[in-house]
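The same chain A turns up in both complexes below, where it pairs with chain B and then with chain C.
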Partner chain A sequence: MSTVEELQKKVRELETKLAAFQSNVAPGRKKIDVMSSEVVDSNPYSRLMALKRMGIVDNYEKIRELSVAVVGVGGVGSVTAEMLTRCGIGKLILFDYDKVELANMNRLFFQPHQAGLSKVDAAAATLQNINPDVTIDAYNYNITTVDNFQKFCDTIRAGSLTGGPVDLVLSCVDNFEARMAINTACNELNQNWFESGVSENAVSGHIQFIVPGETACFACAPPLVVASKIDEKTLKREGVCAASLPTTMGIVAGFLVQNTLKYLLSFGNVTHYLGYSALTDYFPTMSLKPNPQCDDIYCRQRQSEVNARPAPVEVATEVTEDDSPVHTDNQWGICLIDENVPEEEDTSNLNLVDGVQVAYSIPVDNGTPESSTGGAVAASELSLEELMKQMKSM
Partner chain B sequence: MSTVEELQKKVRELETKLAAFQSNVAPGRKKIDVMSSEVVDSNPYSRLMALKRMGIVDNYEKIRELSVAVVGVGGVGSVTAEMLTRCGIGKLILFDYDKVELANMNRLFFQPHQAGLSKVDAAAATLQNINPDVTIDAYNYNITTVDNFQKFCDTIRAGSLTGGPVDLVLSCVDNFEARMAINTACNELNQNWFESGVSENAVSGHIQFIVPGETACFACAPPLVVASKIDEKTLKREGVCAASLPTTMGIVAGFLVQNTLKYLLSFGNVTHYLGYSALTDYFPTMSLKPNPQCDDIYCRQRQSEVNARPAPVEVATEVTEDDSPVHTDNQWGICLIDENVPEEEDTSNLNLVDGVQVAYSIPVDNGTPESSTGGAVAASELSLEELMKQMKSM
Partner chain C sequence: MVDESTRKTLSSIPLLQTKAGPRDKELWVNRLKEEYQALIKYVQNNKAADNDWFRLESDKTGTRWFGKCWFVHNLLKYEFDLEFDIPITYPTTAPEIALPGLDGKTAKMYRGGKICLTDHFKPLWARNVPKFGIAHAIALGLGPWLAVEVPDLIEKGVISYQEKSEDTK
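Presenting the complex of A and B:
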């Protein structure tokens, strides 16, 4: 054994073995063929199937046919994947290229003995042990490189249990480039997805449902965050380690998977944008229509397709400000934090509720690279134009 | 990583790690004496200490001196304990008397190989491995029996790291008796605590902050839940296995620990009552004043003490309906689901916001025992009078 290929294979084998060992300290449970609603202690699905008897979900066992891709297995993505696994999702597809570190231990899911393992391998082993009925595919690569982006698109397009497109993509990434890559892929593939994010100060977060052509995509409008009543300057310092909390990330993952379940199993109302501000327990909701001048050609194409339909269905396409909470403590102004964004973009689609702000300044210089922000909404090092150019060149 | 030497080194590292596992040495991490804010991958506290730099928390390391009791280590309590452990709480005291079952696998935290173990022992082992710096005490008993209730009170009174009262009690129990026991203890001990609950249909939940004498205690007013727009009758069927979801329970645990952190570390605003309705993403908040005719003698005593203070401080004692969200989809009526509750109790303190209902019918007969409700808000088999009599006789 001496060639690089052989050694790489060996490393991969050992990592897989180790990950399996680490979560399989004792054997898990056997596979179960059919979800049963039998009320016995040994049935891991009894409390889920009870949702049918409770009149919440009509057809819970349908979840076993469904496939969800989780992009980013950090503070939000790992909990998201665990929730879906425990809910008995049919297939879970994980993407990440990071390694577990002790610095991640302030969030749920990973444990100290997993430090050094790849996040997707460590996660897949733990999740498979929790629920062996779930098909889990793990991809250990960065989706934003040209080759990997194509592989990512192919997986989204044909990754379901039956070889068709996945039922939903969940973005749990921590940077602008990866969000734009997901957005580009989903617009082209006409794939519904949720974006999620947590602020660098750890006390606010959001989820956003994106239906290509029907709701604003990630390129239609700058992404939004819930303002936290703190000086914006504290968010803009460079080279500063982002803060994170298991609470905020667990809550955002909870919102993400709860709305995923509502969407996949057709119960309740799927919220288009749900924010969370921890300091005041404030939860703004809203809907955003797509931007007819969106830079993404596939977004504009999806909009044309939606407009060509005989009558609008499913999702409202108007800007509707939900009759939203006006919190007594809300003293936030609505402001755009970067004046470099063209003004027509700022105003045409941004009918923001109180307490919600634009998440990013679209950076104009390629200055000092920022430190890793682990699950936070990080500013890009590239301008939007440069990034779009890169994307289009793929 | 590409050279043969590097790969060989990696293989040796992995093999060593694997061997350690195979010889049954579960390598967690070493204890850390002082919380550091150093930004390195090996520091499990870097992202928490960053809350100071971000201007959110003044003195994060104070958390290592603080003690929290978590009563009930089920779907909400286990995640609550894990979040506090990962946040580096000084001491965690766990109470439960249940065993882990495969039927619990639809919620976060416990894993199939732990089935059959006591919840507190299984939880303590996992948590200690996640963070060896936390002092964890685990009590495997039912706090509602006479002897255990006294032991419970003694632990709350003298369980902190310095032998004084704990800093906070978190109720994560699934039944009325246990909540009443915690309420009785906390009123007598003048101990602040949070109540939490998740509905039997799994799609709503709440947390409530109780400051004896300042806010309504559990005996002042029937506990509240967020209504779920479903037929109440579906909630009242007997012998039906309660539904539960990892999402709702994770979100409620997140709210509970987030407000715990705000209270313990003095940042943001602690919410007195925060509800969550999953079907519509609706989050009512409110405050409730104590009932001057509360059945709990210690509650009335705490109220007298508060009233005797020169000026009201800290917490508002009036019924203040927060300027709360009026959701567009809110068609819920406010109703009391049991007319056996004396009318003066129903009206004096229940200035409920839309979508919030009383959680329990106070049962009048000792009929069919209900099946376990695992984390759900369960009805008691005893009348309030009988229960109060029991409590007083202790």
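Presenting the complex of A and C:
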């Protein structure tokens, strides 16, 4: 068996090399030690360093010291990684367990000849060629399983250029399970992160900045969705799981990296929640407070730590405390749909902006299940092994 | 919402009580025991109703599950391998049930053969944390998926009947 595995590994290595070879015959540029602001054709950083001269960013070259983890290298994550690479980020850590498929070609970044390669390896090769100054680590595993989750946490905790925690985690995954796993890790590690997403109908998206204990975490409320102005009844789902557009994904990646840069380099205001409705070109923003009854014990712990801090500096609220309606006229008639939100629902402290709603509601009183005639399982006197055996022998 | 027969099936599966995931050491063992109890009861119910349609077992840690499910169409029995991992976020998030043998054969799947669940599944699951377990995920997720997709796949000729599946138990 080991020889087959070795051969398979060798094949993968050769495929990666071949792909790298096919994608770019000539090697890119040489490494550059220090970012120069000299305005010459040969300086890849001149236009970025011009941000300093123009007074937008104080210390642009600081980006070379910073480390960002990108979880999910698909339609949003790959573009996000490319933008950060071109901006000269110090270190990128990529996580994904998927392979490039031809079905991905409606998105940006990956190319047909990369089909079959792991997304992280294909991305790392392309990105390294674009900018050899960036340190790129690629991890090809599913972060939601027990073993991998521990590896994931260790990498976030000690993966920076200096061996400390990364400066920011960007969630570019496409499923609830992985988002909750990132949320769990970041609450435990007290790690700031951005959540991002594009809806399965491809016409809305969002980014959300999560500072554990200070802003709502991903488990504080049911997932938020931007109203797409499509009647659910007219949405056809036969024969498909999800649709996607390069436009929506590129826009969301742009918002994500823009706010990442603002946060990392301390300029402008970092938006806590930014939604995007493609059909109406509507961009709701808001700030979200954490839920004191959040299901995640580490979220509650971070909240009490934040509350215990003497007079916290309110960096955050100033950005989003815009109580005035984003749109006073509401000509598209966007409104919260209360069909799924009975009065008992605990969404009161959410203060959602118009055009954003929770995907579903959770009853506060969790005592009465929707189906209960089967009753609860009684404590079994049998051991786990005995139960396993019983199940197996059925 | 969920159709009447699924609702009835669901209601006869015992509910779980321990809110614990695979990182919770001892509590996870309690949860696993409850999972097995609910699954055993569900299989017993199915047998009693002459509708025995899946078998499932796990590794020692209870994080890796595998088994078989079968679906009868026009008096022929079609059998599929079944597998999934328990994510560290379980039971807040449901297990992602996969039928690897059908990977790439239907659009109603995500990578690795994970079945594409209806819009109703996740809200219903979320409203019933931690009371729903693996048996509920099978009844609410896999059952309706097979009922819709398998006849369609057979009709399209994507899957065909295989003799040997006749007496598999």
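Observations, loosely collected:
Convention: the second predicted complex is superposed on the first by the 306 of 394 C-alpha atoms of A that agree within 3 Å, B and C clash if a C-alpha of one lies under 4 Å from a C-alpha of the other, contacts with A are read in each partner's own complex, and residues count from 1 in each chain.
The definition used in the following text is that a residue touches a chain if its C-beta (ideal position, glycine included) is under 8 Å from a C-beta of that chain, and two chains touch if they have at least 3 such contacts.
Fair warning: this is a prediction, and the values are worked out from it, not measured in the lab.
Within the superposed three-chain model, A:Cys241 lies in touch with chain B and with chain C [touch as defined at top].
Of the two partners chain B and chain C, more residues of chain A are touched by B. Contact with chain C, but none with chain B, is seen for A:Asp98 once the two complexes are overlaid on the shared chain. Contact with chain B, but none with chain C, is seen for A:Phe283 once the two complexes are overlaid on the shared chain. By the touch criterion stated above, A:Thr144 is placed in contact with chain C alone, chain B being left untouched. By the touch criterion stated above, A:Leu161 is placed in contact with neither chain B nor chain C. Once the two complexes are overlaid on chain A, the chain A residues touched by chain B in the first and by chain C in the second are 240-241, 371, 374. Considering their complex, residues 2-4, 7-8, 10-11, 13-15, 17-18, 21-22, 26-29, 39-48, 50-51, 53-56, 79, 82-83, 86-88, 101-103, 105-108, 111-115, 129-131, 200-203, 230-231, 234-235, 240-248, 250-251, 253-255, 257-259, 261-262, 267-269, 271, 274, 278-281, 283, 285, 322-329, 371, 374 of chain B touch chain A. If you check the complex, the residues on chain A that touch chain C are 98-99, 142, 144-146, 149, 175-177, 180-181, 184, 219, 222, 232, 237, 239-241, 295, 340, 359-363, 369-378, 380, 382-384, 387-388, 390-392, 394. Only residues 7, 10-17, 22-23, 29, 32-34, 36-41, 43-44, 47, 55-58, 61-63, 85-89, 92-93, 96, 107-111, 116, 119, 122-124, 126-129, 131 of chain C touch chain A when the two sit together in their complex.
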